[in-house]
Structures are given as C-alpha cells and as structure tokens.
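We just call them A, B, C and D in the order they show up, numbering each chain from 1.
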C-alpha cells in the first residue's frame, strides 16, 4: 500500500524535534541555532525571508551557526541576497544551491562566488516568477520569516512591511512545510492578524527589531538640474499626451524629480486629475507633496518605507491599511498590480543597447532583477482596455484592425546620457552579455527587453520607439537621444533629423522646454525637511537622511 | 589635468553688451565657465583645463554643437572643469551666453 | 539656480532662494542691495591657487572666495563669501590672503563693517601650512579690525558648514547668524570618528551631527547671536539686525566672554548630549527642538536665552 | 629639549611655572627684572575646552595686572577631538584664547610663542599662531596635517607626498617649512642661553603688526599671500 502521507509525517517529525526546544511555540533566541539543527535536514529547500527591505536577520545568523554535520547543502529559495550572512551560508557550506531574485548590496560578491563555483545557481528570477515557483517546483520545506510581533498562540503581525511573508507562508504551510518566525516582541494580543497561528510552528523573540533598509528614500537635495530636465520632458511628452493615470515609478532620482514636479510643473500644465492618480508603488517620501496637493487617489505598496508609517496611517484614503490603521503591503499582489493594472512603468537603468535592451549588470556585479521586469513588461494576458494602453497600441500598429489590436503598456526608460563618473548610459553591447558568456549562463541577465520598451527619455529628448517601423529606425531613434556618448556621436544625422520631423524624436525645444528653465526651485520640496513639512510632521525620516 | 583649446568662426556676434560673466563652480562633475567679450565679432575661442583626461573628442563635439546653436561671436570662454558630463558642459555654456546677452547692470 | 534668477535680484527672489543651496555669488548678489556689488580681484584676474597643480587638481578662477564691497540698506559694507563646493570651501594661500587684505582695509577705514559668509571645511589639505597660516592671519586681522571699531559679522548656513579654522575665525567675529543647516565646530564628525572611534561619535548619525554642531544648538548655547531661516532674505535681515545691535570690542568684551564660557562649562560640562543641555536650559520638550520650524524655534530661543551682545 | 631645561635656561632668575595635566601656568623673571606671564601646553596634550578656558583666564588676568610680555610655550596635540568639546562649543573657547592673546599684544603686552614640541590644527591656531612672534626650538615638529591623514584624503601614497614636499614647503609637516612660510620667525639655538636670546628678541619686537605674510615672501615660502592681501587692501581703500 503506497504511503500518501510521507510529507505530512516528515513535517510532524520536524515539529516534534523542534518542540523539545519550545515552550508552546516560543523558542528562546539563544536556542535558535539548535532549533535550526532540529528542524532542518541536509539538502532541504529553505526560504530565508529577505527581500530588498526587511530581513529575517536573527534566523539567518542562527542558520549560519549550525553544526555542518547536521545541516548542510541546503537549497536556498529566497527573494533577496542582501545581508553578507546570506552569502556566508554558501561560503561555510550550510547552503549549496540558490534560486533568488535580487542581490543589490551583494552584487559584487555574489558575482565572484558564482564565478568561483561556491554557489550552484538555479536561476535569477523576478519576484513574481520566484513566488510562482514556490507553488510549482520550488516549494520550501522550511520557511524562516520575520514579523513585528506574535501572540502566545503564534498569530503574527507583520506590520507595514508585510512584503513577501503571506506568499512564503502560503506556499510552505500548506505543502507540509514548517514556518519559523522571528518577531520583535511577543505580546498578549497582536494589533492585527496578518498570519494566522495555525500556519506558524515556532516563534523566536529577537533581541532587536529586524533590519529594514530605507531603499526608497531619495533626498530632494541631491536632484540635479539634468534630472529635472528629463522629468519635465517625461511629463510633457508622455504623461500628458497619453493621460497616464495608473502607473509605477522606479526608485531613481529622475522619477523622484517627476514626483516633485507634479504639484508645480504638472499643475501649471493643467494635468492634475488627468495623470498620475493611481500607483502600484512603495510609499516614496518624494510623493508626499503630490499626495498632499490632491494628485494621488490610491497607492498599493510592495512594502513600506522607513519613517513613513505615521504618515500612511493618517492618509488611509490613499493607502491600503488594516483595521489597526497601519499599512498592509503585499509584494506578490502589488507586483501583479504593476504588471496587469498599470498603463506605464518609468524607471532608470545602467545600460541601454542599440536595440533598447537594458541591464543593471556590469561585468563584475550581478544585482538581480527584483520587480522591475514585471513592471517594465507588456502583459500579454491583459484584456481590459484603457486610453493610454489603446493609444500606445495604435501608435505601434496604426494599420491593424482596431478590434483585434493589442494595446501596449508604456515602458519608459529615463536617464541622463552619462551616469556617475562619466559612464555612458548607451552602449553597443551590454556588459550582461559578457557576463553571461563568462558564467556560461543560458540567458543574459537583461532587465527590460528592447521589444517591451516604448520610450527613452534623456536630457537630449524623448524617443518614441512605438513609432519606429523597422530595426534601423529604432536604432537611430535610440542614437538620436544618446547625446555625446559614443553611441550618440555615431548617429546618422540625416536620419535622426528625419525621425525628429516625424515626431519619433522630440527635442526639448520641440516640446517648448528651455533647458535653462530646469531649475531646482521648480521642485515642490528641495530637502528631506521640506518633505517633513509637507507631511505636517508625520514623516519621520531616518537619521542618515537628516540635516537637522 | 588636460588642456584643450578650440577656435571657431561664429555666424554672428553674441548678443548683449556685457563684457564678462562667470557661471558654475569647480567641483566633481561640475565646471566653471568664464566668458569674456574680447575677440573679433565672428570669432569664438574656448580654453579648457579639465580633470577628466581623454575626452577631447567629446569636447570637440560639444563645442561644435554649442557654437552652431548659439553663435557666440566675439566671446572667449575659459573653463575649469572638475570632470563634468557633456550635458552639464552644454548647460553651463548656454548659461554663460545667456548671461552675456543681458545688459550690464 | 537658473541664470535668470541669478541676474535679477529682488526681494521676492531673496525670499525664495535657499541660502544653503545658492552659490556664493548668488548669495552675495541677493544679500546686498541690488546691483551694488563690486568685486576685488575677480575671476577675470585668474588669481588661482599656485599649489593645486602640484596635485594635478583643477583650479577655480576666484580660488573659492569672492570678496568686494557693496551696500547694505544704503550703507557701504565689505563682503566675503566662500564657495563651499570648491574644495569644500577650504582656506588656501590665495583664498585666505584675499580675506586678510579686506580686513586690513576695514581696519584702516574704521567705519565700514565686514560681512563674511562662511562655507568651509577648514584648511585646504594640499596647501595645509599656507592655509593654516592664512587662518591665523585672518584671526589677527579680525581682532585688529574690531579693535579699530569695525563690526565683523559672520553668516553661516552653507553646504560645508564652518569647520576647522573657519570655526575659530567665526569665534573671532563680532556676531554670528546661523541657520539650521549651518554647522559650527572645530573637528568634523568624520575626523572625530576616525580618531576616537564610532562609539565616541557616529558621523553617519546625522541627527547626532546636527544636534551637536548644528545651528539650533549653537543658537541655544549662545554660540551664535541669531538664528535665520534658510533663505537669503532671512540672512540679510539677520545681518542688518546684527550690524545695528552689535557692541564694540575691548577688554570688557573679553572678560564678559570669559565669564560666559566659564558659566557654560559649569552648567553643561557634564551633559552628554545636546538634548540634556536644552533640557537644562528649561526647554519644555527638548527632544522636539530639531523638528521645530524656524519661526517657532526663534520664538523658543528668544525665550530661553537672551544673547549677550557684548561677550564675543 | 625638555620643558624643565627650557624654563631653567630661559629664566635663570627664577620662575613659578606649573605643569598641571599638560596646562602650563605661571610666570618667570626676565633679565630686565620684569615678570613675564607664561602659559602653554605641555606633554603633547590636546587642547580642549577645559584647558583653553584656564589659559585665557590667565591671559586676561595678566592684562588686568599691567604690562610685561606673555610667553606661550607649546608642545601640544591638536584640539581635543571629542563629542563633549564640540558640544560645548570648542571653537568659541579656542577663538577666545586667541582673541585674548591678540588683544594683549595690541594693548602693549607683547606675545611670544615658543614651539618646542608638537602642535597641530586648532590648538596651533589658538596658541602659538596667535602670538606676534613665534620662536621655534630645534626639537619642534609641528604638523598642521600629518602625511598619513593627507595620504588618506588625497589618495596619494605617502612616498609620493614626500617627493612632492621636496619642491614646496606649503603642505608638509616640519619646523623648517613653517619658517619658510613666515609662521615661525626664528629658530633659537638650544645650546646657548635662552634668556639671552629672549632678551635680544624683546629688545627688537618692533610694533604690534602681523608681518608673517611679508616674511613668507622674503623667505620664498609663500610667494602670493602678501601681494594678494596688499592688492585687495588697496582696492578696498578706494571705498569711501
């Protein structure tokens, strides 16, 4: 008779082994490593919660300390490789195989370790892809997660930074896995139940709150005239004519400039209520002036942002909040919202090639993908119409049948032709290709594929790739806004002029914008302190962003 | 440091009556441009000291476009560059011409 | 700043322009009566530092300081402004000598006050000896000018703050106005951290940096006479007020300062943090001081500490 | 040369200078029979608010008591780098000390600095460099900025900095560099009586003017400072 309950029995055995260290579900922090040794076995698939913001840092360190005779060769399936300890796990041999999505802060070291064979790489994913695989072929046997508080039964409050937790727990708890949570405190009653107790087997009280990175805070004081110019171009050449109301912004300074120009420049252009009203977006502090000026109707968030909690609580008409009043974020849902319900993604990148492919990889750094590819991709499964989507579709295929023609998501790359240290944004060949060859990858790590990109905005102007009719036009349109980079200087001047006459390329003067008018006084806030003022004192920026 | 020098014929005299103007500061990624009305009306000269070496071709292109676009006849530009990007250079040059076009206070 | 803004000084612009963000030239233009500024040894003279090329570093035509004369509400004034973005506004040989010369003229003329817009990290490393000596000469020149009856007013609210020898020169001035962004200190946060460790001073904890060295703290302990909001106009008004109210200089001033500083040591010498000092000064909600808007802070500061006008 | 030997050689007729935790306070009898106030910093002590306030107090006390020169004897560290000192406004304490010394000099109590060891940065400015005439002893090794710190900031190796230092006195540590720049007026011979050398100096003090930039030009160490200052002064003097 075949045993159809092996998974369940294995899970029960894990729980029984761990229970010896627990009082109820609660395990002392000092026993965390022993808990790992009791619950996890060699070669297990483990999800260590960590993404671009919050980190189950205590459990990570506990796992790093295990006896290698008991725990080794793990297969880590986690969205973020962010803490140094995440890679120490591989250095020590606790873990061997890796499937992940984002590795921003560890980009250089992970590249070295991949090349040195210390890590067996499954694949680098987007968040949504990795989440999807949790339910198909990468289901964790043990999940190590982070929450703000737990009650004595194990109900969890994940607070504003709920992020990946519900997805990870869903996949683990309902497929014979064990969930271990670290919490900042154990309370009699949690403010709200984000994760019900029956999905949580063990709770460890941490000695200090889990680490959260303020990744989405951009100091308005650092925004340059060049970034303001690109922001003005984007607003006038894309937001306005397409009437983009539902959108996602990247985290760069150019998009922060857009956020800060909405209540000033956008207002002057009469765009209030017509654009930028619904966002799939983290709570960017730079968006506060636009929210306060009545531009923004609704924002759903992937995660929270350090210092924004009280502001969000006081603006529940705009944000998603729980019955307790605090933000409820959810990365999987927000990624889905960005993919299917937004008409535009606009963000920056490090390199763009002649086909419009873009990448944040350089030869020695692998930052992963995170969520941008989902935001910056046309959703082939989309079926609901909207004005910008239909207009973009019409521009791409003016002769097609209106009723059969797909719309297009606007995917906009914005940046200056030269980045830090005079490194050109435009290149003949992406560094990602060289890296793929070096690491013998099946796929080069391309962040956004050229065929998804609809517009490129630089200080030189706006290239509308939807209007290009062949490969050559596309290449020249890109060269046409590439300025004084090698790519830009090698343009076919006559053809670029022709594209400009057709409106494929629009220079600042074609849009009635004088670059000399791009001035910091146009920003609705010019400092973090201004943002605090706009928020009525509700925004509490972390210390590293203060100058008071 | 690298010294560069460019000499162009301009279509016309630069507007305004100001004799001298200065804009920008020397800092990382920034530059200062000193404009002086000291040349014959159809000539334009740029003397550049730059901290970023090996960008002569880029300067050549930036300067050519600038002269074409603004026709800064009669002006000499002296530039101290802390390694500014071409778009910043273009912007400062344009700002300098705009300053010169204003009348002396 | 757009060029248009730089070139048409007006009350409205002075009100709208952040002192912190503005260039040294823009600060001077908007601070003085419109059109009144005349520069001495301007950029067209190309009096650059003779030492930077040894280090293969770019020069600036005015060596990072602008000096000249102008008018303040119709009266003549000498003015100097450091550009905090060029080499951190640091003092070098030429930079310093320009200010020394200005102060020496003020001493001889006796009747024209000097306004110094500090924006400096201190001594310029590449010419450290010359810079240090320049600072010593400036300090001497400030005291000699003050002894001759000249008022020397310092304004502090720039990107580079007022550090190192700049802090000492500021301490020699007749009176100071500072904004929240302004910082006045001798050792910079990184220097303290490097020498004494992160436990002594965490230079990345910016709230700590500001409450230890920032404008609000300096105003509350009497390190500056006036607190100004971060606009050029607010600094103009502060400078005008200081020119009106500042007393002369002599042995009585020094004795009063000795008592003032002894008193400070005695009262706050054991405080471990600025918040403790503010609380000891009977500020009701001391922890909230950093977040107070300028107008409310000025009101609070005026209540807490009446500035002695004759003790600097 | 040790502090005790310096004091003995300078004041053969006696002195009551006490070293209290690196703070020097007291007076000495000059050849002329006059008393000179002696203040200073010893044992490479850092100059913080607590030290500075005592030194300035002594200077102000001496001004009240009447004439006689002031000697500032220095072997110090830099300013004390600490949170407490900055919290309490170290810049004001150091400036106050310098102001007191400069005021004393202008008011007829000539100030002489004697640098016999180290000094740096803010401590140097508030003590030795705030005197009218600064004397160096051969043992002095002032460093406005030490080469390792410079190396860190300029990202140049120390060897490169040492090489550069050969062509200019303008940045590198050392007594001779400061002589060339005009900061140190004279180096005394430590093999002969310091009292004699002091006596000679006091006879030739001249007027209470800052001549350091002219001296730097004469000695070829600072070629621009004096001229620039003079040009500015002349331009400014045209203002009426």
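Here is the rule we use: a residue touches a chain if its C-beta (ideal position, glycine included) is under 8 Å from a C-beta of that chain, and two chains touch if they have at least 3 such contacts.
Just so we're clear, the structure is a prediction, and the values are computed from it rather than from any experiment.
Undergrad: So using the touch definition from the top, which pair is joined by more C-beta contacts, A-B or B-C?
TA: Looking at A-B and B-C side by side, B-C shows more C-beta contacts.
Undergrad: Rounded to a whole Å, what is the gap between the Cα centroids of chain A and chain B?
TA: 42
Undergrad: Would you mind pulling out the distance in Å between where the CA atoms of chain B average out and where those of chain C do?
TA: 33
Undergrad: Counting only Cα atoms for the centres, state how far chain A is from chain C in Å.
TA: Measuring from centre to centre gives 43 Å for this pair.
Undergrad: Suppose each chain is reduced to the average of its Cα coordinates; what separation in Å results between chain B and chain D?
TA: Once rounded, the distance between the two centres reads 46 Å.
Undergrad: Mind pulling the residue numbers of chain B that touch at least two other chains?
TA: Expected reply: 95, 98.
Undergrad: Where in chain C do residues touch two or more other chains at once?
TA: In chain C, 2-4 touch at least two other chains.
Undergrad: Give me the residues of chain A that touch two or more other chains.
TA: 516
Undergrad: If every chain is a node and every touching pair an edge, decide which shape results: line, ring, star, complete or other.
TA: Drawn as a graph, the chains match no named shape, so other.
Undergrad: Kindly provide every pair of chains that touch.
TA: Chain-chain contacts present: A-B, A-C, B-C, C-D.
Undergrad: Applying the document's contact rule, which stretches of chain C touch chain B when the two form their complex?
TA: On the chain C side, the touching residues are 2-4, 6-7, 23, 25, 35, 42-44, 46, 53, 56-62, 83, 85-86.
Undergrad: Which of the residues in chain B come into contact with chain A in the complex?
TA: For chain B paired with chain A, touching residues are 52, 55, 57-58, 61-62, 83, 85-88, 90-91, 94-95, 98.
Undergrad: In the complex formed with chain C, which residues of chain D make contact?
TA: Interface residues on the chain D side: 49-50, 53, 56-57, 60, 63-64, 79, 81-96, 98-100, 102-103, 106-107, 121-122, 124-126, 129-130, 144-145, 150, 153-154, 156, 164, 167-172, 177-178, 181-183, 210, 212-213, 216, 222-237, 239-240.
Undergrad: In their complex, what parts of chain C are in touch with chain A?
TA: Its residues touching chain A are 1-5, 16-18, 20-21, 180-181, 204-208, 210, 214, 216, 290-291, 293.
Undergrad: Name, in rising order, each residue of chain A that touches chain B in their complex.
TA: Checking each residue of chain A against chain B gives 225-226, 416-418, 422, 459-460, 483-484, 489, 515-516.
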